[in-house]
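Data block below; observations after.
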């Protein structure tokens, strides 16, 4: 079940998505973290960040909105405190990196390179940060520039995570490939607004959370995006958006994905990454496929 | 994976208007007042957290009030039905060997009753006051029950008579805030159980953070993981 | 409860959304059509169209995907056969118009003008038609050009319906206002892909429907878009996307909407347009608001 | 608003493997074989259509087979529960005064049984053959029941003996196609009940159209509104 993107080896194609799994080790009471294909860390910035004030979570029909605002411990503490633990516990991880300038990303890349971090996922699409961050993900020229610069500083497996909040995802995917990335992950959250209005004792009360929409509700959008990205690039695609069961994996493969990230569903069923890996392995064995690659090929061939 | 639990419903009964007491048989080994469990409600994406009201030999009791789809799902559970929950989660009350005043508001009485049991079993003197909006919402078990008015109005009088050294409280944010103010004014220690919408329930998503003062610095704390119980003095109100 | 956009009067702010209500009169067995604020007709083109081949509907979590492909009877038959019926039955309607060139739209506008059609909603965002149609909705210059040309030929209430499948909805909204439209409606469907894969007797079977996603799952996206449009224009906004109950109306008002279209929910509860109008009127009366305008103002004021 | 119906469940019982017979008390005044009702299943967005199996004094019967969430919801309905449906919808079989062969496959037997009743009450001679995948899926009421094999294989023999003038059929598309071919070959009229995923259920969304030949032209027809029953000769197969 092991798979490889560039030189980065994962135990299986099921990855815990950034922002939904912390820095991996906190989840040990709830699932067998060492069996997960890989864990994408919470988005990490150069400096620690405390994130947004106010309400950060809003549940929606078949999904949720978050506006965490990249609360994280910063790359320095990550390297010092987390990497040793992850290594000791044999947890495969991907550094999810975010910044607001090309310099931020370049520096993160150098630090990642120097510290032997094997895979890095650029979050160029976080809709929760006011500064530059989102812009890279929506403009193909800036994105090309950004990824090229990071590529220069970083020798490991470079994954770029695309946002669905754009007119032309194809152009962005092509730019990422041209700039030398090793894979594309898609999708980040959709821009969403949650409003709850109650009328009590003659007065209106309102809760409002503007942020990123995730969960089952976005699966059709994610599948459409993955399919479009597939038309624009030959890079491996890590598909995500509302994945919750085995057949979802097949759907993403059919759209063009090679591996998967699981986000919101970790909150609903915290051992879902283990379950999916087991079910996938079991499906391959019981139905006589050679291996995961073979299954993937067969699914891509279906008319 | 010790905190994913599959339990079975032992009892699910109405105890007040729109309020139910749910008993769950489980393998849980330990639980303390102030901790909570998070119940999977299949119609919803996010688990629903409920304070533990009592714990004995693996049987967990919670009180829940009907709000929306999640609690209506839980209401539909019958004896023998399976239930998927996480727990016991969070860090509960840090029990001190001090004369304790317990202040509950509405369904916030649940962890207070559990705390009262724990205090009693340690022989710590305590007094529980709880407030409810109206008669038919009253849940029994308090030393004083306020109906209609605010529990806060009774704190001076009780403090005068009972002379507590510490206050523990659970209820809506507004009540907790007033309890904190009161404690500060009377130079009393106070521990309060906070609430926010939870996503992950376990501290990883950073969805439920509040600001607290720690080591002289304002920091983030996840209610679900670092709380729900906080030292009232440490909480930085928004 | 009556409201007015430009000179177009509706019985109430609840409009049946285009494509989900046919040409209005077919729904009479299922709701009281004459009580609906207005009905946006199925998207109408110059020539009749038979739409897409193959599967057209796919249900998703809290939503659905359609790829009808603008099957419609064409403007000529609409004018001849439908308008007299609608008039006789006192049904207020909005012509939803679609085309693939500026000429198509201009001609439709002239015909609408000549025939006294009081309101026209330009569908510049239909994701189901391969030809030009979508392009107008994604490029602000083409959209400006299109709306200006239509405006010249059409004196009635001109509404432009925007697509959410763009990076910058604000620019498009501004272009629409500048070109002289009277209102904006938003949103059309999200690009979505539905895939169903089954493994039976050693073989994979697949169903795939690529089209427009609608229903409750898109409500947070719709609210976010309406809020963004509101920052860019003072035009009245007709909000839609997943509306199914009274509190949804409040949420859309709070985001910036002035009226509402109800789409997918007509399929779930076919009298929903009547129900919502009744509930809205009742809410206004029982809680002592002066009228719908007053309620709207109060909701927009909530902090 | 005559076709929105609030009914109550009269009976909901298992009649074969994963197959249930549901009886609904309603105000429906008229219904014919080939027509259907569309049931609101709250966990789902779209209503679920089911062929009418029988109708008497407002009581509508349908047979349903468990597939996914929708049918599992319907399964959960108990006597006395409310049910929200539309119907009777669509145009049913156009009954001819001709010797009739009825061909059902699987759950497609439901409208065939209703049709058989209607034919019998008009004294029209008929013969119903139905096929099922295996023994435990069999639903009674046919003149001949095929288990395992294909009903199509038996058509030559039955036609030989029974000499029908018209065929009516309901079942999976592949069966309908073969019935159509057979009818064409033997120069028999055939009426078939088609299926597709429905959204609006009433002809307005154009989600369920097929191509048919009408007035010499290929045109769209909405299965839900113009059908579900079509003259087999008119259907243009994809």
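Note that the chains are named A, B, C and D in the order they appear, and that numbering of residues resets to 1 at the start of each chain.
Criterion: contacts are C-beta pairs under 8 Å (C-beta built on N, C-alpha and C of every residue); 3 or more make two chains touch, one makes a residue touch a chain.
Just so you know, these numbers come straight off a predicted model, no measurement behind them.
Asker: Taking each chain's centre as the mean of its CA atoms, how far is chain A from chain D in angstrom?
Answerer: 47
Asker: Could you state the distance in Å from the CA-based centre of chain C to that of chain D?
Answerer: 35
Asker: Go ahead and note the Å separation of the Cα centroids belonging to chain B and chain D.
Answerer: 56
Asker: For chain A, write out the residues touching at least two other chains, lowest number first.
Answerer: 60, 62-63, 216
Asker: Quick check: what residues of chain B touch more than one other chain, meaning two or more?
Answerer: Residues of chain B touching two or more partner chains: there are none.
Asker: By the document's touch definition, which label belongs to this structure's chain graph: line, ring, star, complete, or other?
Answerer: line
Asker: Throw together a list of every chain pair that touches.
Answerer: A-B, A-C, C-D
Asker: Going by the contact rule at the top, pick out the chain A residues touching chain C in the complex.
Answerer: Per the touch definition, chain A meets chain C at residues 60-63, 65, 138, 165-167, 190-197, 199, 202, 204-206, 208, 210, 213, 216-221, 223-224, 227, 242, 247, 250-251, 254-255, 283, 287, 298-299, 302-303.
Asker: Along chain C, where are the residues that touch chain D in the complex?
Answerer: 19-22, 26-27, 29-32, 42, 50-51, 53-60, 62-64, 66, 68, 71, 215-216, 264, 266-271
Asker: Give every residue of chain D touching chain C within the complex, in rising order.
Answerer: Per the touch definition, chain D meets chain C at residues 1-4, 40, 44-47, 86, 196-209, 219-220, 238.
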